[in-house]
Amino acid sequence: MSQAVQAAPAPPGSVDDRVRRRSLLASVLSRPEVGSLVGAVAVFALFFAVAPTFRQAASFATVLYAGSTIGIMALAVALLMIGGEFDLSAGVAVTTSALFASTFAYQLNLNLWVGVAAALVVSLGIGAFNGWLLMRTGLPSFLITLGTFFILQGVNLGVTKLLTGNVSSTSVSDMDGFEQARAVFASTVPIGGVSVKITVFWWLLFVAIGTWVLLRTKTGNWIFAAGGDKAAARAVGVPVRATKIGLFMTVGFMAWFVGMHQLFSFNAIQSGGGVGQEFIYIIAAVVGGCLLTGGYGSAVGSAIGALIFGMTSLGIVYAGWDANWFKAFLGVMLLLATIVNMIVKNQAAKR
Amino acid sequence: MSQAVQAAPAPPGSVDDRVRRRSLLASVLSRPEVGSLVGAVAVFALFFAVAPTFRQAASFATVLYAGSTIGIMALAVALLMIGGEFDLSAGVAVTTSALFASTFAYQLNLNLWVGVAAALVVSLGIGAFNGWLLMRTGLPSFLITLGTFFILQGVNLGVTKLLTGNVSSTSVSDMDGFEQARAVFASTVPIGGVSVKITVFWWLLFVAIGTWVLLRTKTGNWIFAAGGDKAAARAVGVPVRATKIGLFMTVGFMAWFVGMHQLFSFNAIQSGGGVGQEFIYIIAAVVGGCLLTGGYGSAVGSAIGALIFGMTSLGIVYAGWDANWFKAFLGVMLLLATIVNMIVKNQAAKR
Amino acid sequence: GGRQEDEAPAGGAAGKADTPTMKIAMITHAAPGDTFWDIVRKGAEAAAAKDNVDLNYQGAPEAGDQVNLVQQAIDADVDGIAVTLAKAEAMAPVVKAATEAGIPVVAFNGGFEEWQEAGALGYFGQDERTAGEAAGQRLTTEGAKKALCVIHEQGHVGLEARCAGVAETFGGQTENLYVTGTDMPAVQQAITSKLQQDPAIDRVVTLGAPYALTAVKSVADAGSSAQIGTFDTNADLMAAIEGGDIQWAIDQQPYLQGYLAVDSLWLYNTNGNTIGGGQATQTGPAFVDASNVDRVAEFAAGGTR
Amino acid sequence: MSTPELDAGAGHSPNQEILRLEDVGKSYGNVHALRGVSLSVRQGEITCVLGDNGAGKSTLIKIIAGLHQHTEGRFTVNGEAVRFGSPREALDRGIATVYQDLALVPLMSIWRNFFLGSELTRGSGPLRRLDVERMKRVTEEELVKMGISVPDLDRHVGALSGGQRQCIAIARAIHFGAKALVLDEPTAALGVKQSGVVLKYIAKARDAGLGVVFITHNPHHAHLVGNHFVILNRGRVSLDAGRGDVSLDRLTNEMAGGAELEALSHELSRPGSTPEPAAAGRTTTEN
Amino acid sequence: MSTPELDAGAGHSPNQEILRLEDVGKSYGNVHALRGVSLSVRQGEITCVLGDNGAGKSTLIKIIAGLHQHTEGRFTVNGEAVRFGSPREALDRGIATVYQDLALVPLMSIWRNFFLGSELTRGSGPLRRLDVERMKRVTEEELVKMGISVPDLDRHVGALSGGQRQCIAIARAIHFGAKALVLDEPTAALGVKQSGVVLKYIAKARDAGLGVVFITHNPHHAHLVGNHFVILNRGRVSLDAGRGDVSLDRLTNEMAGGAELEALSHELSRPGSTPEPAAAGRTTTEN
């Protein structure tokens, strides 16, 4: 049964004839965020078709605003998830930051900017604490940040009650520095007759920075490695510990930013706020293509995920669908968006 | 530098002299649930010391009851997590089941048992749907069950409003079959002067069955394998798909059971109920030693986790601590319990 | 701005009774952190301080948890229980268990129709539905055409009942909108989008003071001319009514609900009295609007109205 | 134990064909990993599949094992065309496989891994339960036979050394292989002694009438036991010969893709005088 | 590239000692994986660590690489006693390692894995960014030199064959190893040609004055390049000899733990007439 040689072995190192060049389309399709982008376009098209109001520029500005308040946090949460960890305290940390800034400045009669700066320190500190405890104990981040979640929730209420006697912070609208801070964190920018919230621009900026860091810096490389295979990353000398603590602090930073936005747009902060938001952020990140198991995802994806969530929840209102069924519509839309995402990915893999 | 042979090679297959026999204590300590057991004892001791009411038998019965309503679901959720998946719809699925049973029997004027049976079918169906969609699409279970979560939440409200005009179902206390069903799902058993809720016994039974299945049956082996390494399990012929769908259906079954308990103890069901409970179940499972990444955990652990959660949340009330700080206490207690758990495990690993 | 040194302590301080210390549990269906319930608690604490009562305040939104809390109060053998019966069906058995154990129970806030059947001694409060009906009537007299009722917690019995009451008596059209109460920007966005979608809406009714203040921003964002009414009050809301941003607020006097619930248990235990004499004691609805806002604002600033 | 008379050296063997691949191809997305591969595995014979890294060997055996499906061509088992939906179907036909990545579940104990998917039970009905005693005993016996000492069968597989893990995977496949045994680089992580034991087992399986597919990078090992040699090169078959038709040297040369090996061994055996190897490779760390 | 004059055959070498272990021990819980191991690695020499499966070789190199810490004994680098807290510290001293489990991140691309932890950057301040072009170029060059063709450097490592992955890990270590190179079974998954290339690299690293620790199960490979041989047996050193003191046959015998190998090779080379191998092992599936 001895047969002749059927193919001459190619010289080593030469180009492999087994590999078809991937078309540009296929390469584009295989980016983590493209599937969700198609999902976003599908959701957009749907509401564009069924909801006349959705077509107005003003409505789009509202949708973008909704995207930004979710998306700024979702970005940090996505980075953290790429790095292989969760933060369940992300939602209440926003409230903590806002409460702290206002209470601190109010109680000590300081300029609001001092409160803002102090809140930044506190927020970064909470992030660093989460990260430190995680690395120190080796417990899963789910548990650590669950603990922080409950603690912050309790502290928000307990401290506010203790200091103000009420369950919300005192209004800061008449304090020094309010107007400037409002301009930075919570103003409105008119563009071609439409008022766009400033958070939208901050969001774009943050996503651009996030993308740059992820794809073009050492730190980004380390984030992917720490989430993809912690042991391997450590073995080749990646500072896993510092990377993860840094990611938690990034979440802290964004929580501070969103907290400041809330403080300066609503003047007073309800101490019970933020609970449950952490999951919205995770949802946005996952819908945007992040793997829950870490090591895969993108900054742009988190923005698209936030946009899908914002578009869907407001789109249902714009479409005038029965409010009683709101959540059911939301669920169906989310499932559809992710299934579209999956189909796009499968198609990309086949090319 | 040639040196003499320092140790004669032992004959192959003989006992390895490098291995110290593990003491019985060390082997016991390395079970997944033992760490959390120590945590539970610590929490118990704390409240026993600070809260006089906590020492009464009646209070203990209340704590057990709280443990059972969390624990029955936590058991199913723990099995699912060992099998490597999540179910975010577990909380609202309980409400769906109860609403369905009561509404079905009420609207069609049937014996309640018919409603109970129909609800079982629906609950198993929801579980099967989750599992099927998961295996069919390959999407993470987080996303799939998130979709179901929203859908069920919307359907609970939408359908209830449609049929009753209210946000809660109509009371079933005067319908046929109520008394028997109540005896099965929601009665009280007096033991030595203390009234213990029947769910406590069901809970013990379910945990015993769960332990048996996990450790002593093929199915249990498959659950560990499917969660530990899906690809490897499939490669050696484990029916991963059937195992995972079965696990989702187990969650459905337990959701039905807890739903029936709620229906027959409260007679009427609030359509908004159950939201957020899914995380309590996951918390109980994780505190009880389940890995979030799958492949590790135990049924008894989930029970201990539920007990820790129940003891802590009721203990804070028994101790009369300020309700404003409730969450903060809860967070600190949870962190302490898990850190104790971790220390025990580390000690076990060192032996 | 900032903290003023001379800010008055909140609440009326009365003399203290010399009766032996009494343990009373107050158990509501509210999650902690809600403005309305915070005022209820303040009223209860004021009464407790006056009556030498050791008050244990707890709240849980899930029916099962609230039942457990009452059971715990029974376990702790308190001298009285004040409970909300928003989920009367679920609470009835455990209320019965309490009375069987010899613990007097009063109902407040929720359970206007069910408190007697459940075995409570008295009821203090305002049926949510009645309050809603009052709001609906007010909208009708104002000549409104279409109202938006903003529910900040989906499936919450009390909130749903308020909106149902509005729909019942309001001559125009009523539409509900569900928003995520824990996320203020989302509340603002959702109301804005609804107003953009349906310009015919000329009234926004919110079910809590902070949401009314947020609705003011939404109305501005959407360029709508809708007027805003709300349930419940707080200090900032008073300012908004004075400034004309918000038209009115329905005040069911939560402070009074909490105060009376505790005080009635004290009276019952020390003297066998029942406030209301077996009838429900209504604490509202009263409207706060431009005509009477100065009178109330003073107390709202102290956090007790 | 039957020892059928084998004509190991001949090209045409009278034994029954168990597995047959005809013109089989497989793509992963844009990579065409296998193209037009034909191969047959007969009862009582060892078919060695050899080839460079990335040649497609593992892909080939994954198709046979039911883990992947071929995208072109025909695959027949005992004359019947099949397309396995899952490895379970292959196992049910008596095809047992040792995967290159071993397919062990790290957090499970040794004996549970050994019997995973084919657990022994006792009792019946709801009382049907794992026969833990017997499974442990069998596992221990099989491992002792392979010459590795694993002191505690309840240890997690994740805590074993690479070679110990490989031994478990091999022992398991040998225990469960009824008709055909497919081994993907089984001796890669093994010591000299264990490699010998594995080769002995492979020979024994052949003698018991199984068809064996043996993938290796070691021409010595292959030549020692193989009846039949298939060399893959970039996804194509470049040599398909019986034992009689190839010498060890030819095999080695074919596998190395040329004759440059001789030179290498010379070069290496004269330390201190290494001649210029193609383009200097090492640079010291920078950054 | 300096080629220092080596006295490869002698027991005592004049070269400077880079790594030295004295009486080092390591336990994992109740398993005492290493006991009283002494070893030294000199500049410009290759120290081969050989031994049975589970003997403790990987544990030994993990201590050197800084992945684990020894629980007993002393470990000195360039005469200075150390106890690495993390692999980073070892890397910073110029010790590069190829781990048995390769330490690659499956979801990252080939070039990112290659430079992971030692990325090249350009620009400065906030504009400091990865020098993607250069990293890709270097990666490609290094892989081509190893003789494997990886068509697309942006492919995920997870989609590569076992041997391709191993090549990446080796190329990386060789590129970054400045003082010492530690290789744990680098040729396990490699084909004949690639193994040759790797051996050539190892020799080249030695000639460039690095100290090399080379773990292998292949006595031929070891004897071809090693200056010094350490055999581990159940966590203890059972042989420590210079090149001149052991023949290939002795090495093979020591590694196999006895002389039974001869018999095996005889046995196997006569297919069809296998004599009774110790206790029949294979049973067909039951269940």
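Letters are used for the chains, namely A, B, C, D and E, taken in the order the chains are written, and counting of residues starts over at 1 for each.
Methods note: contacts are C-beta pairs under 8 Å (C-beta built on N, C-alpha and C of every residue); 3 or more make two chains touch, one makes a residue touch a chain.
Quick caveat: nothing in here was measured; it's all calculated off a predicted structure.
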item	value
Residual chain groupings, excluding chain C and keeping positions	one piece
Most distant chain from chain A by Cα centroid	D
Chain pair with the greatest number of C-beta contact pairs	D-E
Most distant chain from chain B by Cα centroid	E
CA centroid of chain B to CA centroid of chain C, Å	35
Centre-to-centre distance between chain D and chain A (centres being mean Cα positions), rounded to whole Å	46
Centroid spacing, where centroids are CA-atom means, of chain A and chain E in whole angstrom	42
Junction residues of chain A, two or more chains touched	12, 16, 19, 22, 157, 161, 276, 291, 324, 326-327
Touching two or more other chains - residues of chain D	31, 52, 101, 118-119, 121, 148-149, 193, 257-258
Residues of chain C engaged with two or more neighbouring chains	32, 154
Contact footprint of chain A on chain C as seen in their complex	1-3, 9-10, 31-35, 38, 154, 175-178, 180, 182-186, 188-190, 192-194, 196-198, 210, 213-214, 217, 221-223, 234, 236, 303
Sites on chain A touched by chain E in the complex	12-16, 19, 22, 212, 216-218, 220-222, 224-225, 228-229, 231-239, 291, 295-296
Residues on chain B engaged by chain A in the complex (per definition of touch)	137-140, 142-144, 146-155, 157-158, 161-162, 276, 282-283, 286-287, 291-293, 322, 324-332, 334-335, 338-339, 342
Chain B-touching residues of chain C, taken from the complex the two chains share	32, 56-59, 62-64, 67-69, 71-72, 74-77, 87, 89-90, 93, 153-157, 160, 164
Residues of chain A defined as touching chain C within the complex	51, 53, 56, 58-59, 62-63, 65-66, 69, 91, 105-110, 156-157, 161, 164-168, 170-176, 178, 195, 261-262, 265-268, 270-277, 280, 310, 313-314, 317-320, 323-324, 326-327
